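A, B, C and D label the chains in the order they appear, each numbered from 1.
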Amino acid sequence: MSANEHDLALLEAMIRIRRFEERCADLYKEEKIRGFLHLYIGEEAIAVGVMQALTPADAVVSTYREHGHALARGIDMNRVMAEMYGKATGTSGGRGGSMHLFDAPSRFYGGTAIVGEQLPMAAGLALADKMQGRPVVTACFFGDGAVAEGEFHETMNLAALWRLPVLFCCENNRYAMGTAIERAQSETDLALKAAAYRMPAWPVDGMDVKAVDSAARRAAESIRAGEGPHFIEFRTYRFRAHSMFDPELYRSKDEVEQWRRRDPILLFSERLRRESALDDTALEAIEKRVAAEIEAAVAFAEASEWEPVESLTRHVTTLAAP
Amino acid sequence: MTAVESAVTPRVETATPQVVAMTYREAVREAIRAAMRQDSRVFLMGEDVGRYGGTYAVSHGLLDEFGPERVRDTPLSESAFVGMGIGAALGGMRPIVEVMTVNFSLLAADQIVNGAATMLHMSGGQFNVPLVIRMATGAGRQLAAQHSHSLEGWYAHIPGIRVLAPATIEDARGMLPSALDDPDPVLIFEHATLYNIEGQLAAGAGAVPIDRAAVRREGRDVSLIAYGGMLRTAIAAAEQLEASGVSAEVIDLRVLRPLDDDTILASVRKTHRAVVIDEAWRSGSLAAEVSARIMEGAFYELDAPVARVCAAEVPIPYPRHLEQYALPRVETIVETVQRMTTHAG
Amino acid sequence: MTAVESAVTPRVETATPQVVAMTYREAVREAIRAAMRQDSRVFLMGEDVGRYGGTYAVSHGLLDEFGPERVRDTPLSESAFVGMGIGAALGGMRPIVEVMTVNFSLLAADQIVNGAATMLHMSGGQFNVPLVIRMATGAGRQLAAQHSHSLEGWYAHIPGIRVLAPATIEDARGMLPSALDDPDPVLIFEHATLYNIEGQLAAGAGAVPIDRAAVRREGRDVSLIAYGGMLRTAIAAAEQLEASGVSAEVIDLRVLRPLDDDTILASVRKTHRAVVIDEAWRSGSLAAEVSARIMEGAFYELDAPVARVCAAEVPIPYPRHLEQYALPRVETIVETVQRMTTHAG
Amino acid sequence: MSANEHDLALLEAMIRIRRFEERCADLYKEEKIRGFLHLYIGEEAIAVGVMQALTPADAVVSTYREHGHALARGIDMNRVMAEMYGKATGTSGGRGGSMHLFDAPSRFYGGTAIVGEQLPMAAGLALADKMQGRPVVTACFFGDGAVAEGEFHETMNLAALWRLPVLFCCENNRYAMGTAIERAQSETDLALKAAAYRMPAWPVDGMDVKAVDSAARRAAESIRAGEGPHFIEFRTYRFRAHSMFDPELYRSKDEVEQWRRRDPILLFSERLRRESALDDTALEAIEKRVAAEIEAAVAFAEASEWEPVESLTRHVTTLAAP
């Protein structure tokens, strides 16, 4: 596809995630989606940019804030929406919900709700690939808050020590729930922290999808070339509350406004307009396609069946339940 | 994952001059506030207890009143801040460590089990650890497999710690000060579905004993033994049973370690039947321990085998219908009792 | 903390052409070696499994045979290397992760309970985790409060994992291959005092079933139910009882999750009495679960309440006399049985 | 005391620990001491040097390899030996044994057998001191192996973030049991790792008691002055096996020999001889005093009573046992 087509694809991918989650927020208020719902709004450039560097053979590991990663990875929106509802047709048969999207065909390993727990698993996936001689990358997403957990430390050390093919994607949105990074980290330059494990590490503007795209490609190439793990700190911001319950007492409306000016979708569409690679008709076309897909996804989720209570204990173990 | 269902400050609509209406959340907050006002050694430490106002809004307002030195937001480092609670307690402070939920306490399990619980004995009685750890526990809010554990039974297995499960407004208000007076580590499990319940509290209400179970409802035919989030379920079942002519006594364990055998056995000696209700998975649940103790202490008094109503042995699923089906329900308790009571022939 | 009681390579003094004498340690080693020879996806990972030769010398010699890619020494990072085992299993390997002792598994509890155990269900059946985790467990070696836990009962509470406790040479040799064939996570608890026991093993011995308990000794008057390190104690008690005219049946649970109710209940229906022996602390022990299941499944068959002989509820002390006094002893079992059998009026 | 007297005191303190542990090794063979026994032989300069920087008000936290720290802290050798035996007169009433020496009067908080577990506790002790305005230091000893644990990471970050008065004393003896540091750490320069948490950190020759002494004083002064935590990597070597069971398959006799040439007691006594601050008579006097104290300690332990089994459940809880 041409450079221009590629750019438009990036833009559409971001808009698709944005509109999907805006709809999810409404569905939450309608009580169609329950439990926790963590919106990725403002951070879309990271998921979209990083996925450009991955092949279908690569693996993806994420957090509870993973709708963007799932959609950018190419998981059918119908099944993602059905999972948000908890329907049997969802990515996880409805058992996981918003925080636990899984998809074997695209090697999407979830969807973890314990901060930092996914890091060792990602390193293990990479170890398996390495031991079996597969030249693939495991992309592991986590937040700035996870960096304080012991598992971050243990995993960074082991990944570097064993030169495992992991791309550590730190989504630094400056807050862990209500705790600003300055109150959580003695060293707030997270790339510097990562470098202390002797792995290539650098910060990237997470609001610039092109910068994310090229940084991820550079890292992935080097990882495939056997250079071991790489760490990228994507500097970004969460526009919405941490979850649907968060009263946001810990940050000012003003700070949020400042960051909204750096909205990755806004920045990139303006840029494309400047390069006259985008005009209103093109944008409308994108919005129309996205809206239609979301409508279809909601309809699919609504029409889908619930898992019958009789099958509650299915999948506790592969063989007969204990 | 977090839920500030409401960040309101305590409403003190005085029902009668002596009584105050408040939520469980407010009762816990009042307990913390009162302790911090009384004793400068007491401080609160945990994830988002300060600026955020507490994941469940329990500590809302405390940062403003006591400042960041005594209401300490920590990074995501469960093992470290629980261990620091041990050290601070050894150093003469009276820390209240909030582990956001029991699900995350697994990351601090070593500090609790190998650290806090062993220190006094290993040191030949030299070093006691006056540490209080609070955590939210339980399922019922569609938070799925990693956020719905009821592992208080695990901790009740460990010698050297006391384990509490406040199920009422009185206990939410009164267990904390008693825990702070305990020279040894105390774990307090607050069921997340209880924070919004409302109740009346005597205006001057304070510390309550933390060594006895409580009879929450008198009955003749069967003893329903529960704790924490399951107490309401047990009481609801007792009320339904009443209608069908079965008089059920309801025991609130309150203290999960050490268990109060006397209250449990006295009730069973009276009713000759018992059902233990536990939101945890059946195998290896605290309900098993209660059943075993009744076996050992009142076997010849039993008219029927002690029954357990526990959670299905499955990671808690997200959809409401599956989650509710996995948890102990009033119907299940009622059916179980009816099967065992002569009334329901 | 570590104990290489002996680093010898397997002695194969053929007693009869068909039978080989070996220690429990050698049986586990042979199981690992055979699995690694058969299946290139199998590898061993843990602290000091390689150069050191294994804390208990179990893996001695395997590094030389299979090299550092398949016998991987890890740093002290229990949470990370257990979690990496989960990932490696998802990635198509068949990892055997050695957590040196159950005491250190507390640092990996989150990975086991929130990770390995939930993955299959949370993913709607897409991702099973064929991971085997081995750990040494138990007391009896004067290692004091932080190195003497018996927490296998804790893990037996968790849906989604299988928990095994090999107590014999056959099971030490045969449970591992069966565990590796299990598509889901399996925890194997090897009692540290068993590594040196010697026994005869059929030359071609291999995989054994991992779903049933075993009757190790037939008896009429009472069922002694034990597992792991306590099996020998139970058998010794049974032999003493024989002398005093009491015929005791000995059940080896073998599989702690899922428990084999049929074998347990069949024995109790025959003997009408049961004593459950467990090296863990009494409150919340697996023994409580067994007692509760007998209550539920064979109450009307019981001539006496099921009794438990467990460890005293104290962090295990260092001196031999105190440690031995804290653990279940033959005398205690014998007295308990005598109190409950008609024979000892 | 004069500089010369101070030096002789340092030498005597090291010899005292060395001879004590040599005797413990014999007593282990005689089965008077059981369980695990981890000898500090070769690392004495660290305990002795660091303790010079501490006042009685300061706190000490250690590992299972803590006999040297306990003796250097000034805990009565009789009670230490009695604890090795498990007698009621021991530092921990016999319940702890070799790995769990505790002493309230000297603020000696053990004696932990879980690698890394003591780090958060040390930070907590420092937090309590800081909150109560006590200008004291908590010295926390741990090995190179502990640096790989998540608790190291979490504690370093929190101690630096909250500027807690902790002196982190990393005893890098190059092995964690049988695992050489090169096989455990992607970055083997541990001071560099510590510096990544933004705290002063530097390596010191752990075989040179004077270097340890002055480094510890420098760090302790700065900590008391409110400069927050400091980290010192003491480079040393374990001359004996990890524990009494270790066949030492993982290192060559030759490597051990090389290091024995840098025996801290040897190096320091040679130096004092060169400075003619030490002669044979002085050395004999030291050895005689030490031998007498050890004899007395063994006699004390032998003569001491066992805790009666009736009191097994004492000290499980302060109030009535559950």
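We adopt the following convention: a contact is a pair of C-beta atoms (placed from the backbone, for glycine too) under 8 Å apart; a residue touches a chain by one contact, two chains touch by 3 or more.
Every value quoted in this text rests on a predicted model; they were computed, and no experiment measured them.
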Intersection of the contact lists for chain A and chain C: B, D
Separation of mean Cα positions, chain C and chain B [Å, integer]: 32
Approximate Å spacing (C-alpha centroids) for the pair chain C, chain D: 36
Averaged-CA centre spacing for the pair chain D and chain B, given as whole angstrom: 41
Interchain centroid distance [CA atoms averaged], chain A/chain D, Å: 46
Where chain D touches two or more other chains, by residue: 94-96, 100, 112, 114, 148-151, 154, 157, 161, 183-185, 316, 322
Two or more partner chains touched - positions in chain C: 75, 77, 79-80, 103-104, 107, 110, 114, 121-122, 144-146, 159-160, 257-258, 283, 313-315, 317
Contact graph of the chains (line, ring, star, complete, other): complete
Footprint of chain C on chain B - complex, ascending: 79, 103-104, 106-107, 109-110, 113-114, 117-118, 121-122, 144-146, 149, 153-154, 156-160, 257-259, 280-281, 283-289, 291-292, 295-296, 299-300, 302, 304-308, 313-315, 317
Residue ranges of chain C in contact with chain D within the complex: 1-5, 7, 47-48, 50-53, 55, 73, 75-80, 103-104, 107, 141-147, 283, 312-315, 317-322, 325-326
Contact set on chain A toward chain C in their complex: 59, 90-96, 100, 102-104, 109-112, 114, 117, 119-129, 131-132, 150-151, 154-155, 157-158, 161, 314-319, 322
Residues of chain A touching chain D in the complex: 148-154, 156-157, 160-161, 183-187, 192-193, 195-199
Contacting residues of chain A [partner chain B, same complex]: 34-36, 38, 64, 86-87, 94-97, 99-100, 112-116, 145-146, 148-150, 176-180, 183-185, 242-243, 245-247, 249-250, 306-307, 309, 312-313, 316, 321-322
